[in-house]
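Labels for the chains are A, B and C, by order of writing; each one numbers its residues from 1.
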Amino acid sequence: MASHGIRDRVAIVGMGCTKFGEHWGRSIDDLLIDAVGECLDSVEDIERHDVDAYWLGTMGSGTSGMTLSRPLQIENKPVTRVENYCATGSDAFRNACYAVASGAYDVVMAVGGEKLKDSGYSGLVVPPASNDGTASEASAPAVFSLLAPAYANKYGVSEADLKEVMSRIAWKNHRNGALNERAQFRAEVSMEKIAAAPLVAGSLGIFDCSGVSDGAAAALIVRSEDALRYTDRPTYVKALAFAAGTAQGPTDPAYDFTSFGEVVASAKDAYRQAGLEDPPTELSMAEVHDCFTPTELVLMEDLGFSQRGEGWKDVMDGRFDLDGELPVNPDGGLKSFGHPIGASGLRMLFECWLQFRGEAGARQLEAPTLGLTHNLGGQPGACVSFVSIVGAERGVAGA
Amino acid sequence: MASHGIHDRVAIVGMGCTTFGEHWDSSADDLLLDAAEQCFAATPALAKADVDAYWLGTMNSGQSGTVLSKPLGIDYKPVTRVENMCATGSDAFRNACYAVAAGAYDRVMAIGVEKLKDTGYSGLVRSNVAGDGTAPEETLTAPAAFSLLDPAYCEKYGVDPHDMRQAMTHVAWKNHVNGAKNERAQYRTEVAKDRIAAGAGKVAGRLGVMDCSGVSDGAACALIVRAEDSHRYTDTPVFVKALSVIAGPASGPIDSSYDYTTFHEVVACATDAYAQAGITSPREQISLAEVHDCFTPTELILMEDMGFSERGHAWEDELAGVFDLDGELPVNPDGGLKSFGHPVGASGLRMLFECWLQFRGEAAERQLDSPQLGLTHNLGGRPGSCVSFISIVGANQG
Amino acid sequence: MPTGILSYSAYIPRYRLAHEELGSALGMGGGAGSRAIASYDEDTTTMGVEAARRALGNGARPAALYFATTAPAYFDKTNAAAIHAALDLGSEGFALDIAGSARGAVGALRAAAASGGLAILSDLRTGKPGSSDERDGGDAAAAFLFGPGERVIAEVLGEASATAEFLDRWRRPGEMASGQWEERFGLEAYLPLIRDASSRALAAAGIEQADHVIVSSPHSRAARTAARELVGRVAEEAPAIGYAGAADPGIRLASVLDRAGADQSILLVVAADGCDATVLRTTEAITSHRAEKPVAEQASGGREVRYATYLTWRGLLDRELPRRPEPARPAGPPSARSESWKFAFVGTKCDDCGQVHVPPRRVCVGCGATDHMSRAALAGRAGRVATYTVDRLAYSLSPPMIDAVVDFEGGGRYTLEVADAGPEDVDIGTALELTFRRLYTAGGVHNYFWKARPV
């Protein structure tokens, strides 16, 4: 497969991100207007009319590009809608990057937004296409809960220990979210409270599941050679990788629910595009798709941050804490920031953006240079995975 | 606005297109597989394993890239789903082109599919977005919305409604004549003008069933590489000269200055596309045009919005046969949405497929005499609030 | 300052079911006359809005709404809140349903009279096919604004009430028709109560015979019999639209107010599970403050429909639907955010360039300015058809659906369904006014919004 990437060819020069939460009083229009407004305000020399083209990511809060052009009254510009389950916002970003790298446009914007709280339902609602009624109706927590016993069983971890590991992940992400004014949940939660929470599916309790929320985020992208015109601290895009699997996992006896093949493949592609040889050491931070706590655990291994079967130990050692060797989800993650589907991928890039520019406040890491963002859509054995690598500098990745 | 385009930087080197129709026996999976297999079979130098990335266009027949990766058994390649109402398939194609032009990938596929006949409903269905129940789209159907074009046009240009009705009838008749020559079309028989006229007014406004495009299932796909690599895969690549998408501010229906005789988005889109491709007199330079004839009055208005006819005169040009298969500028030579059918996600790619066949001399009974430049166009939404897509493709570089 | 009725109004829906049509459909006798029926897109809430809007034509903003009906659109939810929203009364004020029995009409009137405010009486009367409730019922609404002021057109002089518990008429929630005991049983129960309450009310008002007498009761024979005894100096010309339940006293009082002279007395008797008698007297102001659309005018004419159409509209005939998706239920949060748009047709007007937007927009369609908007209330504005179409494919209980692109006086354009009209009534340039309707019910939720109807 030829996936050459477009390392360092484009850069983010402006970003915006709304608070995530239950925004009863705000429509998708309001959220998109706010995110786009904040994004344009973050960069001096770009006005709305300077943006040549838009990519909108939303899973279910609107159809066609008019979902963005209508509220913003965008006239005579292209607006493409991209959808890819939970990787929606990231894939909108990816396509925007290719368009600007190709030279078709000079200044583009990727916007992601979701109004999950309008449906009236608890959790995600994904209206299926007409079908024969035989597909499993299991909820998202249910299908991801299958990871826990499989992992425990394979690596000889007791049920109680694994529950503690999951709680530790939730605890870490809430702790980080407590330092983040934009997050949905901004209070630390004790390990005891997490462990004692009512169960939702399998061994997953309420605190093992990401927040259901509304929100939007946006990024302005230009070719790298133009970036310094707009900001002295652009965020350079070093890798954009995507993998859609054959979705056979749930019906394949060989699939053991302890890994996401799509993540392994997309991470490999991303590291190669960016020229990374020892990712866990070279990366300063990672924003990963912690839709559920066991997911984050498995991702540590699939992304190569931990050895197979050892991820749980690394979690308990604090390796991925904010002050650990490789901070994972420093902004609170899906868990406490919330997960408005179309916005999440861009929200992850937003944290990298803030960190590189020294604007992460109480969460600020020391001189971060490379960040990874990751999204996962679908379910174990049948998903899509997106990985990006972004950096504060052009040139050779890593230190 | 900076819209530089990627003139002649990429080319189509393989295409596939299923028949369009009521495919009760075929699922979206089947149609995707059929289109892709057809495409690979026609492109011996390129196999599935060689494709680096995919762009899937479908409006309602599934979510996420797994809709494609599952039936095709794609192992961990990127698959992006693009949606832009009726411009879905075209916009999937556009994004695929940018990715390959950017150098991120070498060989990509754009594929579109729709299974409209699985819903059980007549016509297009709405999206599931939670709303407050006040949007006209909740109750106003697509035929009703587009039927507003007809009286507005007559009023503005002083056209006798009888003449307008005849022009609309001619559009339907023409497209059926063309579709009758197309083995892939949903409807493959000619329809007499008086039969078309007799049904007028039975659906909405003055539109009858024959003024409305076919509701069908189908899929189509294209393999795209950078122009400099195209010779490796085929002797007759189709070069992409312009790609334009315009999403309007959707304010027409609430703005008293909108008069229902034009699609502003199409005008802007055509201007952009012509600039990218270096076209200065479309009616002369374009050899064939595949446009979005969702309804007959739409096709007439599009002739003016694209600069093929003077304002207020498209109806005359239509009746004079300018846009017939043997006319000055054949419009919808493959039968159009009208008789080929309109599986939303596939339509844009189906239009490119006709250009592909025509440039390669493979259009059989519909074959035009050495066509050079083709235009494809899609329109999503309703009068006053739409997205428009236009591509210009050609048989040669330069 | 005297307190009393400041303004009043009536709303009688457009459609009629002729007794002859009903009779012949069921193989029974018919007779002359007809009953008023609400359109398929009307209910007691929407009719209540119509009457309320008319009564508040002078721009009054009552601090309290009292809504009486025997057929509330929702239980366990205050229907008067929807009316409050449709009247664009903001977030302050009291709104109450007095729902369940026809006596609620008196409750609404007395509460409004006591505290000031708007009494809205609205009803939709149905019975089993072939019943007298079906034949003799009527759908209508009326509204009365009470308050202090020089413009009081009628004051309450006295009132009296009697209450008795007896099984004359009843309906359990969820049932489509009411049960009734034998007619003579109810007659014997009601007459003493009516005599008693009327005489005490007249005595309290200090008069022996009223100029106008109205006797309204769900027990039609009791009302007729009592009316032969309680005769007014002026004969009543009650509108022949059928017995309108909780709206009946309102419609008939409005009819009297349409014609009464100054300083005339009115005895309003409502006999439902007891009897409430109220004596009012008109003032000088009545002659110059009549309701804009008199009852007699609204009651005359009307468009007759077939019995099968009536049954379909009432949901009593479960018809085969066209192959279109069921409409989606309106969602709670979006409807709450757009309350003034959805319920009161309020848009925005750009402060910079004056462009009017319906629905509200934050970014101006004309000049692109963001958040430079002021409110634009369009519900009372005149509209004109810019263009329109007849949609024969769309799902409708009264096909074909007519959609019009409506331009509003002062700016603003929206595409709306046309109500109470056939294709022959609509053309480019036709004058339209807005009417509050129930578009459909989906997922158990009523979708309230506006349509346009020919003036």
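Just so we're on the same page, a contact is a pair of C-beta atoms (placed from the backbone, for glycine too) under 8 Å apart; a residue touches a chain by one contact, two chains touch by 3 or more.
Values in this document were obtained by computation on a predicted structure and should not be read as measured data.
Pairwise, the chains sharing the most contacting C-beta pairs are A-B. Each chain gets a centre from the mean of its Cα atoms; the one farthest from the centre of chain C is A. Inter-chain centre distance (chain A to chain B, centres taken as mean C-alpha positions): 34 Å. Mean C-alpha position of chain A lies 54 Å from that of chain C.
With touch defined as above, residues shared between interfaces to two or more other chains in chain A number as follows: 72-73, 118-120. Counting partner chains per residue, chain B has residues 119-120, 128, 130, 249, 251 touching two or more of them. For chain C, the set of residues that touch two or more other chains comprises 331, 333-334, 337-338, 365. Those residues of chain C that touch chain A in the shared complex are 331-334, 336-338, 361-365, 368, 370.
Residue ranges of chain B in contact with chain C, taken from their complex: 119-123, 125-126, 128, 130-134, 136, 138-141, 143-145, 147-148, 151-152, 155, 202-205, 249, 251, 253-256, 258, 260.
Against chain B, the residues of chain A that register as touching in their complex are 1-6, 9, 49, 52-54, 59-66, 68-70, 72-85, 87, 91, 94-95, 97-99, 101-107, 115, 118-120, 126-127, 129-131, 240-248, 261-262, 265-266, 377-378, 382-384. Listed in rising order, the residues of chain B touching chain A in the complex are 1-6, 9, 28, 52-54, 59-66, 68-70, 73-85, 87, 91, 94-95, 97-99, 101-107, 115, 118-120, 127-130, 243-251, 265, 268, 272, 380-381, 385-387. On the side of chain C, the complex with chain B involves touching residues 322-325, 327-331, 333-335, 337-338, 341-342, 355, 357-359, 365, 386-396, 401, 403, 405, 407, 411-417, 428, 439, 447-449.
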